[in-house]
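After the structure tokens below, expect a handful of questions from me.
Chain nomenclature is as follows: A, B, C and D, assigned in order of appearance, with residue numbering initiated at 1 for each chain independently.
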Amino acid sequence: MAKVEKKRSLSEERLRDFLREMLLIRRFEEKVEERYRAGDLPGFLHVAIGQEAAEVGVCAAMDDGDVFGSTHRAHGHTLARGTHPNALMAELYGKLEGCSHGYGGSMHLYDVERGNLGANAVVGGGIPSLVGAGLAFKLRDEPRVAVAFFGDGATNTGTFHESLNLAQLWKTKTLFVCENNEWAESTPGWQHSPVWDDMSKRALAYDMHAIKVDGQDVERVYAAASEALDHVRSGGGPVFLDLETYRMHGHYIGDAQVYRSKEDRDEAAERDPIVRLREKLELSSEDWEALEEEVHEIVEAAVEFAKNGTDPQPEDALKNVYA
Amino acid sequence: MQYREAVNDALATAMRADEDVFLMGEDIAEMGGSMGVTQGLFEEFGAERVRNTPISEMAIVGAGIGAAMQGMRPVVEIMYEDFLTLSLEQIVNQAAKHRYMSGGQLKVPLTIRTQGGAGWSPGAQHAQQLEAWLIHVPGLKVVFASSPADARGLLWSSIYDDNPVIFFEHRLLYPIKEDVPEKLEPIPLGKARVVREGTDVTVIATGPLVHRALAAAEEAEADGISVEIVDPRTLQPLDEETLVESVKKTSRAVVAHEAVTRMGFGAEVAAVLQEKAFDWLDAPIERVGAKFAPLAFAPAMEQFIIPQPADVLAAVKKTLARS
Amino acid sequence: MAKVEKKRSLSEERLRDFLREMLLIRRFEEKVEERYRAGDLPGFLHVAIGQEAAEVGVCAAMDDGDVFGSTHRAHGHTLARGTHPNALMAELYGKLEGCSHGYGGSMHLYDVERGNLGANAVVGGGIPSLVGAGLAFKLRDEPRVAVAFFGDGATNTGTFHESLNLAQLWKTKTLFVCENNEWAESTPGWQHSPVWDDMSKRALAYDMHAIKVDGQDVERVYAAASEALDHVRSGGGPVFLDLETYRMHGHYIGDAQVYRSKEDRDEAAERDPIVRLREKLELSSEDWEALEEEVHEIVEAAVEFAKNGTDPQPEDALKNVYA
Amino acid sequence: MQYREAVNDALATAMRADEDVFLMGEDIAEMGGSMGVTQGLFEEFGAERVRNTPISEMAIVGAGIGAAMQGMRPVVEIMYEDFLTLSLEQIVNQAAKHRYMSGGQLKVPLTIRTQGGAGWSPGAQHAQQLEAWLIHVPGLKVVFASSPADARGLLWSSIYDDNPVIFFEHRLLYPIKEDVPEKLEPIPLGKARVVREGTDVTVIATGPLVHRALAAAEEAEADGISVEIVDPRTLQPLDEETLVESVKKTSRAVVAHEAVTRMGFGAEVAAVLQEKAFDWLDAPIERVGAKFAPLAFAPAMEQFIIPQPADVLAAVKKTLARS
């Protein structure tokens, strides 16, 4: 049933859920930028503003029991897979109540109960373990899928190559999701990858099934991800999902983007996936205000929760080194 | 039972006992491993559980991590220690840290078997001893077995340990024989073994140097020198207590391994002993290891580089020269 | 001129040269097998019997000034690029007169004067340095090409992927030569690579120009290599040359090949590139005998030279560690 | 001149002096490096000599090796030390061994710059200190500069050294300032620097610990303890003479670095000192380094893990407690 529903075009209600989720992620990350600039948050952080359709479209298509791993840019996937904003914000504040209990930070978000096996700060480094999870699902004959999120820059790593090669060879239950946001830090696609304009070509080296879709259109992303997940889940082998998306802000919070032209940044407006969905849904300004209000309260509550969280004791640093 | 058979027996016994134990590695199936260690396992357990892999040292370790995080107990074989250089990102940044970064949510019960060792002229890229690197990494356990019984009992414990364990075997030890009990007896990680009792000097040796130290001890005996030999067996966690006790008894110590002396395991042991047995030491701790050069092909040069029984004997005598 | 000549079909005289070279390599390696089994040669060795057409075809198409790197199976490339059989055999005997002066061995053959930048015993490990050499040629605007020889198994390594990706991105003067001999040690192509039956698909992930050719037909290999080298030399970017060849013997000398079916081995006869060329040239038995005689003497002389070579002194092991 | 500017100045000066010096690294061009170290170099030297690379740590080091073997002097930047784990095969099996395996035919004048260092909550994968690994590898030179003048003079010497040099910088040192001569003065590799003269105890420190040791020394002074501080600067080759001399003078030693204590550089120094200054030592050599845990995100835990001035002071006092 669920699968059938997925194939059909989405109900307006479902699309409104997507919009709420995308807006929540957007406002959450804007708040994170604000709090970081205010000096509240330690470490360094990366937001995915502009990539919400890709995140929500894929995550909404995943089933309970599916697992995933993400990157240094993982706030969106984490929220979209059900981690409470309070737990995420608390992690960014380095509190014990955080989803990684203060040990991980923004680049190492975990929530194993919800299938989040970890955001990874080594580009490409998180991919192979999703091949292993997909192998375990296959060996145990479980209808679960392991989803690996990564960026365009990651396709240049040897880890990426070995992982896709092995997954295809063994037909592991793994979905590879490439969020091609046109940048690897300060390096534009054309400067880092010979197939930057069509990342799906990467899959050809493995005879892997690939699906390419506009990553700014959450409906299309959802449909493509659903199709891909069905394919993987039913034992058809791994799939490479190529999402063309867009990084509206800097690589990290505080990135002056000296390397980026004004024109390029101005694209932002047209390519904003939230604006697109809002227009499609022809939301009345009342509904929009209501939505903003709802999201605003969630985000503010998250900050409150995080600020009142518990700081780990210094000695806690020696815990969790070994099982 | 041969050392090679002991490793094989530990693997087979664990696989019979537990469906979740499976093997991945290059040429471990039909061929039985390039050292013949996994012979017969493919025939008994089949292609699903004895998996020939592509030459992808990053991905197979990473796949092991992912399967381990799903509760399986994969044993990955890295054909030669020299190729650990390719897996290190996965071992050090991923396997060793997932538990910590997740604040204790995850376990990675992965065992990585590898082997190395010179003395047969394989050249500079097929016989390095790199265990020291792994000892430097919190989150990993490191084992180096010198006898069939130890290999058998320690490998079992490694497989059932809930942490990533790097299990070092030595090429030249595979043929050595020793009587072992019918039934496999697990040996706890973290316990050293007094290989030979003595009163004048303690030789702390690993792998093949245990045997070269025994040869040296026999010769020393002839000169009326009583040598005690202790094999840490587990390099991480290190059984400092047993080592220190022995040195407090003999007041003299030699550390011997095949790895390059500079920055080798012997440096750590010497640092620990000089701190914890300072007032007992009657002579500087001597270090015996490979000379500071890559491994040469020509036998005469290779033998000159790697430590021989004569080197251990000379070190033993040096510690006794002053009193 | 040279290039034009290359494009034309080859003179019978040139083909006879190829046959002589191929036969020399064949008999040289058969002798190596014999001497190794007799216990004359230290270390462990890999012969490329059956792959002579691939080796000679490519090497003959290379120009003076071109450089190359090979693998653990490098005797053929080394001889075909002009290293004297005496120097090669002396290396296998570990003598100072060897092409690596006894420091390298069979898996580490060097002859920098003739462009041999080293045979590599780490699968894939030698490839990136040829990208670097090709980059240097491009930066210095030199009409030289860096040739990377590797096997089918190497295409599964991350090193391979990063190297081809970078070479194509930067249009380095590098030619990638994949000798697909259908085996990676004991692992057949279908067990280690999803595109084992058409390795040229690997190039698609980089939009790299690829040429596929029967590696058992030296004429075709020569023509394809010439075309590829011209393309690279003239700045057209790197090329992936996919040679379908065949490993007639074991992975290493002494390999029992338990993993290999009799049928598969029986193919050997039909696919022998030397038999094919000999038949094409309709060589009279006299001419053939003469050729055998000529080659035989060269090989015997090489053994003599090697046996009478100088063994390095043990202390020489500490030389050449640093420049 | 800032430490950051000093590194930049050494690069620029070398590039102006020598066409063969060029840079490769991720985001080093328009962005000027993620730490801003290469700012302005792209503008001055252009895209050919300041090369933005894909995220391919294996290939860019390998490309550096290949270009170096052609006589160029590439300087490769590995953005974070943690990613050296990906380059290690190329560094250890290739760069360090080509000269040796070729019996002296080749030189690899490659410099690899990298940086690490905790204290800013980047989490477990962005601040490790791994210099110890490289010290274990014959064929490499290892530098770790603690001051602007040292960074400037040592980097110059590293670039012009004919061997592969791994040059470690520290994230927290980039902003520190010091007066330096107008003209760059090369500092020979292999010479330690006495940072502060003292008579009671010698602190051998590297990188940031030199500064934390200085702070500790000031406090100690107040208690009438005279601390001598020696910075080896080059960890391989190690200036044992200067270290031993100082300890023979003070009879007490502390080794301090930010890397994990277990199997860290301090172990090697302690092993050397206890051997060469055995009769002079009045107390065990104390080691100060990171506690045995990955780096935690939450500041309180991270600060607890890494060594502080107070830890150095405590170690100093401990060596003086017994006399």
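As a working rule, a residue touches a chain if its C-beta (ideal position, glycine included) is under 8 Å from a C-beta of that chain, and two chains touch if they have at least 3 such contacts.
In this text the structure is predicted, and so the values were computed from the model without any measurement.
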Set of chains whose contacts include both chain D and chain A: B, C
Label of the chain whose CA centroid is most distant from the centroid of chain B: A
Length of the line joining the C-alpha centres of chain A and chain B, rounded to whole Å: 41
Inter-chain centre distance, chain B versus chain C - centres from mean C-alpha coordinates, in Å: 36
Where chain A and chain C are represented by their mean Cα positions, the distance between them in whole Å: 45
Chain centre separation (chain B, chain D; CA means) in Å: 29
Junction residues of chain B, two or more chains touched: 53-54, 56-59, 82-83, 86, 89, 93, 100-101, 123-125, 138-139, 292-294, 296
Multi-partner residues of chain A (each touching 2 or more other chains): 100, 102-104, 108, 120, 122, 125, 156-159, 162, 165, 169, 191-193, 321
Chain D residues touching chain C - in the complex, by the definition given at the top: 22, 48, 51, 53-54, 56-72, 74, 89-90, 93-94, 98-109, 138-139, 141, 162-163
Residues of chain B defined as touching chain C within the complex: 26-27, 29-32, 34, 52-59, 82-83, 86, 120-126, 291-294, 296-305
Sites on chain B touched by chain D in the complex: 82-83, 85-86, 88-89, 92-93, 96-97, 100-101, 123-125, 128, 130, 132-133, 135-139, 236, 259-260, 262-268, 270-271, 274-276, 278, 283-287, 292-294, 296
Residue numbers on chain A that touch chain B, as the complex places them: 98, 100-104, 108, 110-112, 117-118, 120, 122, 125-137, 139-140, 146, 158-159, 162-163, 165-166, 169-170, 172, 319-323
Residue ranges of chain C in contact with chain A within the complex: 156-162, 165, 168-169, 191-195, 201-208
